[in-house]
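By letter and in written order, the chains are A, B, C, D and E; residue numbering begins at 1 in each of them.
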Amino acid sequence: MRSLSETPLVRDGKSIILAHDHGLEHGPTAFSEVPERLDPETVFEMATHDAVTGFAVQKGLAETYYPSYEDDVNLLAKLNGTSSLWMGEPYSPQTCSVEYALELGADAVGYTVYPGTNREPEMFEEFRTVQEQARKQDVPVAMWSYPRGQALKEHRKPDVISYATRIALELGADIAKVKYPRSGDAMATAVDAAGDVNVVLSGGSKTSDYEFLSLVETAMNAGASGLAVGRNVWQRDNPERILDALEAVVFDGATADEALPE
Amino acid sequence: MRSLSETPLVRDGKSIILAHDHGLEHGPTAFSEVPERLDPETVFEMATHDAVTGFAVQKGLAETYYPSYEDDVNLLAKLNGTSSLWMGEPYSPQTCSVEYALELGADAVGYTVYPGTNREPEMFEEFRTVQEQARKQDVPVAMWSYPRGQALKEHRKPDVISYATRIALELGADIAKVKYPRSGDAMATAVDAAGDVNVVLSGGSKTSDYEFLSLVETAMNAGASGLAVGRNVWQRDNPERILDALEAVVFDGATADEALPE
Amino acid sequence: MRSLSETPLVRDGKSIILAHDHGLEHGPTAFSEVPERLDPETVFEMATHDAVTGFAVQKGLAETYYPSYEDDVNLLAKLNGTSSLWMGEPYSPQTCSVEYALELGADAVGYTVYPGTNREPEMFEEFRTVQEQARKQDVPVAMWSYPRGQALKEHRKPDVISYATRIALELGADIAKVKYPRSGDAMATAVDAAGDVNVVLSGGSKTSDYEFLSLVETAMNAGASGLAVGRNVWQRDNPERILDALEAVVFDGATADEALPE
Amino acid sequence: MRSLSETPLVRDGKSIILAHDHGLEHGPTAFSEVPERLDPETVFEMATHDAVTGFAVQKGLAETYYPSYEDDVNLLAKLNGTSSLWMGEPYSPQTCSVEYALELGADAVGYTVYPGTNREPEMFEEFRTVQEQARKQDVPVAMWSYPRGQALKEHRKPDVISYATRIALELGADIAKVKYPRSGDAMATAVDAAGDVNVVLSGGSKTSDYEFLSLVETAMNAGASGLAVGRNVWQRDNPERILDALEAVVFDGATADEALPE
Amino acid sequence: MRSLSETPLVRDGKSIILAHDHGLEHGPTAFSEVPERLDPETVFEMATHDAVTGFAVQKGLAETYYPSYEDDVNLLAKLNGTSSLWMGEPYSPQTCSVEYALELGADAVGYTVYPGTNREPEMFEEFRTVQEQARKQDVPVAMWSYPRGQALKEHRKPDVISYATRIALELGADIAKVKYPRSGDAMATAVDAAGDVNVVLSGGSKTSDYEFLSLVETAMNAGASGLAVGRNVWQRDNPERILDALEAVVFDGATADEALPE
């Protein structure tokens, strides 16, 4: 088993994953403020930014656009997903096999799990299969670990986020992508609960440059290994500016203040 | 992976797909006005028209009649379907394997997906398997992308149709077959949301020649790559006349007025 | 693919299938008037009658008795079935694999499908697998096409029976076994809807010789390719007499009057 | 296919199967009167009695104790089972594969089916797989055929037991194990309905020596091929005495009176 | 089949299994009193104690930390598990395949079964597959046999625990891990019901040193083959002290009094 740190997804132990699966998960309305970004090529271009160590997309985008970007972008193939048209019990069906992801040139694979939901058992079993196939092929596995379900009214409660990162460790993920648990201390506990698994902050919906970078700064100080960011990059008018700043905070240890150009 | 444009399903980047799966989906009552068309041979004859770049039928019709038409017709094997006798939650079971479709001589395969329904997850997973098998065999995949379900009262709402085409892109289809979203602008957005995937208009139930051709003209102007048409051809007394006209509008850029003979 | 007419199941394009799956579907009470027929050997004997082109039984009867009859009887292995003790939503589980049916010497296979029920999708998928395996082995497939379900109060409505035969065509059956749709005209439409698929009348529960033969005569005149008959043969005191008469009506074009000995 | 009569399970066409799956089906409370029999070795010893042609146990007992008894005992591996702690709809999951049963040295396999329950279809399908695997390996298959379910208030009604034996015939079992249908006449009908399948009486809960042997005598006179007995042997203080008597009734045609020592 | 006593999991017929799957089953709050133990390395260290014959963890911990401990620790790979965020009907999905467990160096595998719950049948079937794969690879199988479900208000009732150990025997486990049935006599019956299967006591939640050791002493006197312990070791400030004492009670037959240092 190759260690995660030997893969291109990580640089100096840290990662910035640009996520662009919103076309499936949220639908085209996510692009209503930036309609030109409906063209996936515009976001693939962002993924060539030096700050980005991995680009997370569904199979269809990878098939169509990745051949032109494989020299400049590390592909993190997202292997499951669902539309927001669907109102059922939270669940995310598999949309791409590990084998096919590798044919597409994936450097890593990603899988969403919703612990606490009625279908937690199915998702654990499906994650198992994907994880073991990925191990056989020696590609790292990122778990989008998002507890949900009726028993969980607060998805960002510190205990819930620690549980989320621990599940990633126990089930054999290399990277745990989790929501921010509302404080740096809680983030630190979540990082501890993950053992040697890299914890990356989930970027979430768009906020101001300063607010967003401060959040990332806090997470990094709490021991996070970076972040996975989507809307906070590609919904911005100037994605390069925020990627420059994220690079400074994540890889160079800058504060939000230092990272933001005047 | 062979590009879609290299396949016979597309001519100059455009397609007219003659669909004839109504025997299964609607039943013989769909033929009540044109009882002689219950004989599938009459519709296979229409598919030899030069305008038609692909003929979409279920396995049984292909088995029985395609051997006599394989030189003149490009087969798009429809791989799932259901009867209208069935009143369950929208779902379409697989009726033909990719492997068998290829033995029948299929040039492409088609699969219906109903995003937004309770069984969206199953359909996404089944589409995945079919899509990856088709990739292995280098045949293009058309997705009948038809959002439905209780949360969707308006199946032709612009946002819904854009989501439908985007799902086709994200899940790895080559062609997205969608309903008309009520305006050319909405169609243009749906085309944008599809990225490099070809969007074809679903012909729907029979209307007048002019009304139908105008719709196609609008869709083509909005960037559609053609249409999939069934009842508007084979329910007509003179299918050749409408196929001639469709050829003019889709391949030669004619207006509905120009395309219709006096 | 071998054409159905080249198989022993058909003679001059027509078939008389003797069905004897009632032990499973109806139980031993179906034999209460003819208790000696509980011994399957008595019915195997009837199947050696020249009129019979195929004998439809479940795997267990075929295993036990067919070895003594394989020279004189063409075996149509029925591959699914259920008991009438079971009161669930109509469904028929698979009781024999295609592979094993062939080891037993089957000349053809038969599968029941209940379009319109909650489990139509499963049955369509299971039929697909069976049909494709049968194609690979070059044995014909008969579909018992029996629409049912809550939306169908009248199972013999003309439109429903036409739909039943069409489903057999669309899904790739060679023979459609359907109930009588109450009139010769409706039967003719059902035959048209089936395209090149052979439609055979389902014999149903026991009636008088004349009534039964008249029904068969009407069906034949409407274009049916024969019948599948069980109780109307093996529940009779003199099965040979009715088989002689059926032979006359089905293969020699006799009327019911002509076929019945004084 | 080897005929059942060539297997060690049958002697002169008859069988006495000692069943000892009660540890799973009923739990240790079944042993409360004979606690020393919790040790499976004590019951394996009984199975060495000359009367016993087959010993039916779950995989775990076979693994642990059969290696010491394989010269003296014919193993009938019971392949499914459930606990009585479970209160769900009657169903019996598979607990041992055919392949593994053969590795354990099984001479035959046994499978419980509950016709009439909501899960009849699943059990028929699972029985199919097991039966076909057993055929491939040439080991006989015994069906525990126990109709149940909400529609069946009387599990021992004559019609129900005849249906039970017929299902065993239709689905391809070699032996049908059924409850006693309350009279010798009903038993005779059940034997008729089974065709060439051997019908064995299910011993049931413990009764007096005479009552039990009379029941067996009646069943044998009705054409049964023996019995499967558990509690009426191993719950007795003197199992050898009853096994001697059973041997006389089943194999030597003795009456209950003759068989019982003074 | 290798006998359990030849495997490293057992010493002189006895075992102390250190269990550390609480990160998944209970979540990080189980560590709130001993936050430094969130680091799995601290518990792997405990597993090197001479008293410990097997260390039970989920796949993720084994992958990350076992490579450094494989010389000093015998790995019992726990193959299923669930989070306590999930509130569904008791069930434990498979999280690791037998094949992968062996690649990780497992000396034994463990599987939880919940007899009496609605999903007992699924768990029995899944246990079957795991057990047979383990037999093929010659690694022992421990069953966490925990009856639950609505019909069981008292999970520790003597009859229930005896049933639990018997199920382990019947289904082919080598070790049965069960809760304490409230008395030494009941434990002795449970040991009897297990036949040749080793019964180990489940340690349960943390109690005082003396209380815990007395419980173990009683279980050992009742014939138990040791215990599986988690929180009563790693939630203690001084795990070594309790492991020393457990070693004395389990392997050297010391009483709780003798085993506890002043």
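One rule holds for everything that comes next: a residue touches a chain if its C-beta (ideal position, glycine included) is under 8 Å from a C-beta of that chain, and two chains touch if they have at least 3 such contacts.
Predicted model, so just to flag it, every value in this text is computed and none were measured.
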Moving only to chains each one touches, count the minimum steps from chain C until you reach chain E. 2
Have a look at where chain A meets chain E and say same if over half of the interface residue numbers show up on both copies, different if under half do. different
Fit chain A onto chain C over the CA trace and report the rotation angle, somewhere between 0 and 180 degrees, nearest 5. 145
Starting from the mean Cα coordinates of chain A and chain B, work out the distance between those two points in Å. 36
How many angstrom lie between the CA centroids of chain B and chain E, rounded to a whole number? 58
Shared-contact residues (touching 2 or more other chains) in chain A: none
Show which residues of chain C lie in contact with chain B when the two form their complex. 1, 115-118, 120-122, 124-125, 128, 131-132, 135, 147, 149-152, 159-160, 162-163, 166-173, 189, 192-193, 195-197
Touching chain A in the complex: which residues of chain E? 21, 23-24, 27-29, 31, 35, 38-41, 58-61, 63-65, 81-83, 85-88, 91-97, 99-100
